[in-house]
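Structure below; questions to follow.
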């Protein structure tokens, strides 16, 4: 993956859409924003706190994550479709 | 539970819906957001304050909590339905 | 009362609705949010300031307070109806 | 007055409504929020700045003030009608 | 002038409305908020920054200023009509 | 120019409207806010950061700048029409 | 390029619109804001954090970037059309 996310952004390869997604994770939501799962491909350097300190990113490359699609942007690089989203939009990491 | 919440998020197993929920806790609300009760399954590492300091989480695994469902997201992992919400959406802990 | 409020939340037992409430306190309001009175049953540990310092709570158990009902949530625990609200929603303490 | 305001709130006894209010102060406003005058009866301890420092209150008991009624709440204690408002809603002190 | 403004508020005596206002200053605006000119009669002590430090006021008594009327409030004291506004609403000082 | 801008405000003399403006700069915009060009006539002392520190102004008198007209206010002083805007509304300096 | 962006603004030369843009990067988006790609021509000095510290810019001249067009402004200088946008609107750098 030769895309470097800016700030607290993360690039994720979305799981194939299926009833049962990778890792036995099934997501059904009655809330306003439908969550999705995928694998982290690249991670930004983190954003700055109000006092100018760079904050650590909560995920790393290879993490299998659940995220909200609302803020994400789909991009295709060299034939591979990926999602760019903010760390804030990631809900949890599948252990 | 092999889901690790990000930041100040918490994973909760919602109580069975009944007139009297677990622990003799009954919730009736006339306000705009209906509160719910459940048990905490997993807790994030906490979010950062504006000066880059990680804040302690106000709940721990096993706590029986009352929370607002508004910001929560329902997820099913390995056949178990859970709610991912923010610590901010938790109102109180049943002692 | 075995409910522990989170952060800057407070649990209040609302006064019986009457023309003259407990303590000779009568509330009539022409403003958009109708204030109410009650007794504090439980108090959270306080919220954090932007620089990660926990702020003291302005009320204590037993205080007779006037508060705005807008942000409050009604909950029934072991047959007792109480209100969970934020310290911010409390206007004054009856001395 | 046995009401103690919380945070940066202030309790004011509104002047009798008349063309000329107490102190020769007449208020006519063409703006969206009609200002009013009154005397300060009680003052909160002040709110906290973002770095957890309590800020001094800009008025004291006995000050004759001009304020905007928008955020105020009318309350009657022991037969006396008063207004609870925030220090922020006070525009000026009559010298 | 015996009105003391609170915080970062300023009291201004508006110029007589004329094609050419005092000091040869003519204001014509095509923007949404019509600016006005006047003379500063009284100045508050200044508001606090987020870290609890009082900020200096950018104008002083006697300054001839241009300001936006949007946030201002008209008040009449002892027969004199004045405007109470925030320092933020003052655009410039006529030298 | 005898107008002193307050805070982070800047006074600009707008370029004559022409297909090609001063300095060979042509502005065409498909976005919601139409940018304009002009020369800086006066610069405020700068606004304060949240911790009470005055921030340096990014432009100086004589700079040829591109800015968004949205927040600007047109004022005429001694027969000269100028624009008062915030440093924030300036996009770039023509070198 | 003789345009110096202010604060955290960046000037970008947008890639020619084609199915396959420069560097084999193809962008298709189902989200509300369509991303675009281009090359960075000029970079501002960076904005200030809340405590008055200038933050480093996440891109440099020559970077091939993906950005959201929403906040950008198209400007033509000496016959060359460029986009002025904020660092915040840049999603990622093509490695």
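Labels A, B, C, D, E, F and G are assigned to the chains in the order they are written; within every chain, residues are numbered from 1.
The rule is simple: contacts are C-beta pairs under 8 Å (C-beta built on N, C-alpha and C of every residue); 3 or more make two chains touch, one makes a residue touch a chain.
The model shown is predicted, which means the values in this text are computed figures rather than measured ones.
Peer 1: If you walk from chain to touching chain, how few steps can bring you from subunit B to subunit F?
Peer 2: Each step joins two touching chains, and the minimum needed here is 3.
Peer 1: Within the chain touch network, how many edges lie on the shortest path between subunit B and subunit C?
Peer 2: Contact-graph shortest path, subunit B to subunit C, evaluates to 1.
Peer 1: Please work out the Cα centroid separation of subunit C and subunit F, and write it as a whole number of Å.
Peer 2: Each chain's C-alpha centroid was found; their separation is 50 Å.
Peer 1: Between subunit B and subunit G, what distance separates the C-alpha centroids? Give it in angstrom.
Peer 2: Whole-Å distance between the two chain centres: 40.
Peer 1: Suppose each chain is reduced to the average of its Cα coordinates; what separation in Å results between subunit D and subunit E?
Peer 2: Measuring from centre to centre gives 22 Å for this pair.
Peer 1: Specify, in ascending order, the residues of subunit G that touch 2 or more different other chains.
Peer 2: 49-51
Peer 1: Given the touch rule defined above, the chains close into a ring; going from subunit F first to subunit G, what order do they follow?
Peer 2: F, G, A, B, C, D, E
Peer 1: Where on subunit C is subunit D touching in the complex?
Peer 2: Per the touch definition, subunit C meets subunit D at residues 24-31, 33, 35, 49-51, 53, 55, 58-59, 66, 68, 87-88, 90-95.
Peer 1: Which residues of subunit B touch subunit A in their complex?
Peer 2: So the residues of subunit B in touch with subunit A come to 2-7, 9, 11, 42, 45, 48-52, 71-79, 81, 84.
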